[in-house]
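Below is one structure, written out as structure tokens; the observations come after it.
Letters A, B, C and D name the chains as they come in the text, with residue numbers starting at 1 for each one.
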Amino acid sequence: MSEKKNLNIGLVGYGFMGRTHSNAYCKVNNFFDLEYRPQLKAICGRGEENAKAFAAQWGYESVETDWKALVERDDIDAIDICTPNNTHAEIAIAAAKAGKMILCEKPLSMNLAEGEEMVKAVEEAGVANTIWYNYRRVPAVSLAKKLIDEKRLGKIFHYRANFLQDWTISSNLPQGGAALWRLDVNAAGSGVTGDLLAHCIDTAIWLNGSITDVSAMTETFIKERMHNLTGKVEKVGIDDACTFMCHFSNGSLGLFESTRYARGHKALYTFEINGEHASIKWDLHDLHRLEYFDHRDDSLVRGWRSVHVTDGDMPYMDKWWVPGLQIGYEHTFVHQVADFLDGLAKGTPTSPTFREALETQRVCDAVLNSAQSKQWVNV
Amino acid sequence: MSEKKNLNIGLVGYGFMGRTHSNAYCKVNNFFDLEYRPQLKAICGRGEENAKAFAAQWGYESVETDWKALVERDDIDAIDICTPNNTHAEIAIAAAKAGKMILCEKPLSMNLAEGEEMVKAVEEAGVANTIWYNYRRVPAVSLAKKLIDEKRLGKIFHYRANFLQDWTISSNLPQGGAALWRLDVNAAGSGVTGDLLAHCIDTAIWLNGSITDVSAMTETFIKERMHNLTGKVEKVGIDDACTFMCHFSNGSLGLFESTRYARGHKALYTFEINGEHASIKWDLHDLHRLEYFDHRDDSLVRGWRSVHVTDGDMPYMDKWWVPGLQIGYEHTFVHQVADFLDGLAKGTPTSPTFREALETQRVCDAVLNSAQSKQWVNV
Amino acid sequence: MSEKKNLNIGLVGYGFMGRTHSNAYCKVNNFFDLEYRPQLKAICGRGEENAKAFAAQWGYESVETDWKALVERDDIDAIDICTPNNTHAEIAIAAAKAGKMILCEKPLSMNLAEGEEMVKAVEEAGVANTIWYNYRRVPAVSLAKKLIDEKRLGKIFHYRANFLQDWTISSNLPQGGAALWRLDVNAAGSGVTGDLLAHCIDTAIWLNGSITDVSAMTETFIKERMHNLTGKVEKVGIDDACTFMCHFSNGSLGLFESTRYARGHKALYTFEINGEHASIKWDLHDLHRLEYFDHRDDSLVRGWRSVHVTDGDMPYMDKWWVPGLQIGYEHTFVHQVADFLDGLAKGTPTSPTFREALETQRVCDAVLNSAQSKQWVNV
Amino acid sequence: MSEKKNLNIGLVGYGFMGRTHSNAYCKVNNFFDLEYRPQLKAICGRGEENAKAFAAQWGYESVETDWKALVERDDIDAIDICTPNNTHAEIAIAAAKAGKMILCEKPLSMNLAEGEEMVKAVEEAGVANTIWYNYRRVPAVSLAKKLIDEKRLGKIFHYRANFLQDWTISSNLPQGGAALWRLDVNAAGSGVTGDLLAHCIDTAIWLNGSITDVSAMTETFIKERMHNLTGKVEKVGIDDACTFMCHFSNGSLGLFESTRYARGHKALYTFEINGEHASIKWDLHDLHRLEYFDHRDDSLVRGWRSVHVTDGDMPYMDKWWVPGLQIGYEHTFVHQVADFLDGLAKGTPTSPTFREALETQRVCDAVLNSAQSKQWVNV
């Protein structure tokens, strides 16, 4: 193994995403045969105590409390950004200028303008870059991509996606700070649009091509919440729910909905694609399955097929266990790291790059504009 | 049984709906204990041969080929309208003037203006009237109504409904005439909006109250089809797909979609309601089940409950078999006849009346207007 | 329709099965094009009041209180036996002697010896005869038969069936009389073996051929119950649960289980067949679906297919509605009447005949013997 | 973290289970807060090349090719046995004599006699020991245990379990050697009984108490296969399928089936428990769900609940991600290591110990004896 090349990681942020990424770096070489091996060089967080504890738990060699210092370190090859959305641009642009590769959590940015600057920065610097839209790399979702690329569905008529949660229904839940920054418009930029629909849009563009125009509706059900950073009850600036209709450039119709007020759904990301010959459905709550319907089947035995995506011929699954034994959520991050490391070895970019993720940002901006103007908006 | 009162039925139209209604009239007294008993007095259809065959198969006593003659017959108490949408108004208005009760297939009318005349006619005549929005009387849907009326769901945040089919995908399918009048805009008035979304809207208003404004998108995927009545390839005037977002007056958000281009779905009418405390889902493809989630459940055993709506304490189910044994689609019509006959005995109207169905027509019109204007439209 | 031949029915018993059969006689000609038309000539029940009410509800022309009188009536063509199991043999043998056709509820008899006499009687009399093992005629089950006959499954390895209920768990439930005769060993002959497993065995033999030997286990969980006929607490003589393993003559292994103590299951009759190439699953709680798996499918889209058995090319379904709209439990009886009437016209027997049903009785007897002897028993 | 105590692991065998265990050792301290930290000290395999590659991939510090040498090493605290069943006893007994802790793959042994010696060895040596019946530690299965221990189900009537696979249907598949030792009776001891039913039995005893007597049936569908070790076609000595009925000491009835000839099932381990008040179902193909039915629910909303076992209050789930995001198969091994390390710190044994696993062995032996003798056999 001495021949493997190290890739020194500097991680910014030690929250939920800090954990999923760290796990991916730790595991990837146990399962994938790669030229590169991530080294957990440094973790950076403003809370030194927490950062040290995180370093101890995951084996990071050092701790920084200022990301600017991290970005300047010579022994760091790649900056991984796991901090709230309002910090992505500043960190990413500085990292690009320092010549670091960048793996940045989604969404790319607070808005389109910021995203464009980020793309410019990484492209001018010529550094490898990727955005963690991890759901592309659920094996069942990768399989959907493969089936579509093989033209099995025929002409596409409909694409619909939902991302339904129910964790913010209580009006007693405060906004802002630590685990609740997603409810604070200043940290998150938007509510479900940037947090959840961004995932749906990224997958949709990947599977079904570009979106041309949108008509959207948003709602904020709870208008005021205690703010953890100010200690006062303040107006809620995020969208609690967002729905939009759209057209794709391939002529199909799109329908998207996301909310955090759908009682009974924890993280129910689903999509369905209806083609002339075949249709596909997927559901994050049972992420190891893909539903497939093919009208060309013999009519006596034609029905939705529940494909248990665990065999060795399924995307990524030759690296794991045996047929019938499912992997979980965290593996999507391992797959993205594996692809990133493989891309490094081959000199190819890892999708979605910043530029690709900018398309999702463009749609998100159009959606929010449409909801405000109550008009159809071109993307 | 000699004490039962006869209700003499004159049925106009012997297609798919003519069969479902006839079956309901035949069966209702076997299962429900009612004061009235429908008598299959006359069937009316322009094709005399077909009408006679239908009469023989179902036991109608006589045949008419002109609905105007039927409406004038003294021995007819109620006119049942099962003809294409473009005939509803004329027949219903004439029947009302002749003092007949009217049971009319959905949708009420070709458009709002026509519907208003129909409502006026039946109300001025003071005749019993109802529209066959039969899905209200699926026991699982009636159960949903009961749970909502008992306030089990708490404040409602979301209502979404789909009606997905796939039977018109082939461009070789012609439009117009007999079984294909639903593809002919002159006979149907609209496509999926009046045919399928009308069902979804009727249920939605019943369960969740009135809709205040809508933003819609329609599409006609196949622009031209051979027309059976003209023998020529003609422009398709109906909507193949229709999607709309809306607000309900109770503050919840609505999302509706219908299409005949969703490969893999035959008649997939589904709805889901998300409340503060509980949520409900239903699906026509398994119409005997209701899915229910209650957040107040003990968290260790909290999950979506699949209620097999076959026990005797479920709506209408004390009239049928034993727990575990499902009824089907046709029973919804039996239930509506039973309720209509019961209403006659008690002197109460049977929902949805023409006036109630007019609300659905109002939303349909707003939806089609919005799709054309690309604007939000008030209902 | 005047050219249809009447088939005059004399029904014995007005319980649950009396209703399902009467409904079938009433509806069959509305949906099936047949030479014969059943006439509801007479209903026979010991309780005159109840019999009259039943006659009024279903339209029977006359009432008898003694089945012997019914059997002797010249205006009766066919006797339909819906009384408890302990009366089947006597009525059937007398009816055969009187030259009547016989439609008898399942199971054929109290035991094998009695069944053999019944077979002898109908065969000597040369009268048409059938046993109401209605589940064969669920369209999804008939489809399973068709798929098997087309050799789609290849060599069969396993057949398993369950019939699970939960309605007798309470020890407060009495036994005997009216609706509870199934708990009284003197009226029923056995518990779940004759009531529920008989269905499973009939289907199994039909689909998978004969059973050669069995090893069984029975249990009576509640040992004593109040007896409605004696007014005293008496020993329970029936089996509450019965499980057996077996071999089929085609080399496959069988596994059967039935109980009335499976909390959560109302009438969950399921079977699964595993073949070399393909497998099939079915479930009475969603009787309109058949699950099918074919290993020869392209591995990327290989999975269990949920076939919604409602299209016109499915068994019996061309007679009902349109794709996507399900029929229910009661339709299985309509199908059996339709097949019986069709068989009359063609001069062919209607499966299962008494002789065919005797095979099921033979297995039931072997099962009960094995449970008692704790040995494998040859059928 | 310097204060953590090391636990030096010596792993014997680098196959499928070698990977699952290594992954567990690597990850456990990232997710669980424990006193001990496993150190991957040595991997032992007869193939030096393969062993070195495995060591490189997983980070083992050294390689041994003779397990006897490994067992004698002073720097090893615990021996983990991942080799075929016919080696368990010899290695475990030697390890115990050398004073090593032992983590041994299931089943415990080739047969009961061997198992008894193993139990004696570890108990005399007083070394910590556990058998990797990993499915106990699927969170949904642990939840089932919790619900049962809380007496939610009431008196138990039925326990049924299946373990269905389809990977050996082809007669071209050889037996013996490397990945196919499970088909070689000399290496495996038995077929599905020891490989698959052993899992079902372990869970059953854990959840439902001891089994008193059994009646079993086995079958070997393919009688001869090419043997990889001899190069000749040889008789197949294992059971391809095994079914048994049994009684539990709590009065409930058991039914178990396993086969590798159930087309369409990859690793479908399911169990269902029916109690007086409530029932539970679980299925390995969707291991993150538990189905629960409670008869005490309000009858209008009573149904099987699908519990998505991903919330923080579910067993083990506070260590992983957020509600709605599932873990997979491999995590069960992480949980067992976590519990083992926690047990070390607290001085408590980790279930199932060798002694506990001996009970499963006892049932397996009775099952095989019953199948051969065609008699009921006491356990």
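What we mean here is this: a residue touches a chain if its C-beta (ideal position, glycine included) is under 8 Å from a C-beta of that chain, and two chains touch if they have at least 3 such contacts.
All values reported here derive from a predicted model rather than from experimental measurement.
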{"item": "Relative orientation of copies chain A and chain B, as a Cα rotation angle in degrees, nearest 5", "value": "180"}
{"item": "Residue-number overlap at the chain A/chain D interface, same or different (half cut)", "value": "same"}
{"item": "Centroid distance [mean C-alpha coordinates] between chain B and chain A, Å", "value": "42"}
{"item": "Chain B and chain C: spacing of chain centres that average the CA atoms, whole Å", "value": "36"}
{"item": "Length of the line joining the C-alpha centres of chain A and chain C, rounded to whole Å", "value": "55"}
{"item": "Of all residues in chain D, the ones touching two or more other chains", "value": "265, 304, 308, 311"}
{"item": "Residue numbers on chain B that touch chain C, as the complex places them", "value": "1, 16, 20, 22-23, 26-27, 29-30, 56-58, 165, 167, 265-268, 284-289, 308, 310-311, 320-331"}
{"item": "In the complex with chain C, residue positions of chain A that touch it", "value": "143, 146-147, 152, 289-290, 292, 294, 297, 299-308, 311, 313-314"}
{"item": "Chain B contact footprint on chain A (complex, rising order)", "value": "157-158, 160, 164, 166, 169, 215, 217, 219, 221, 241, 243-245, 253, 255, 257, 259, 261-265, 274-279, 293, 295, 304, 374-376"}
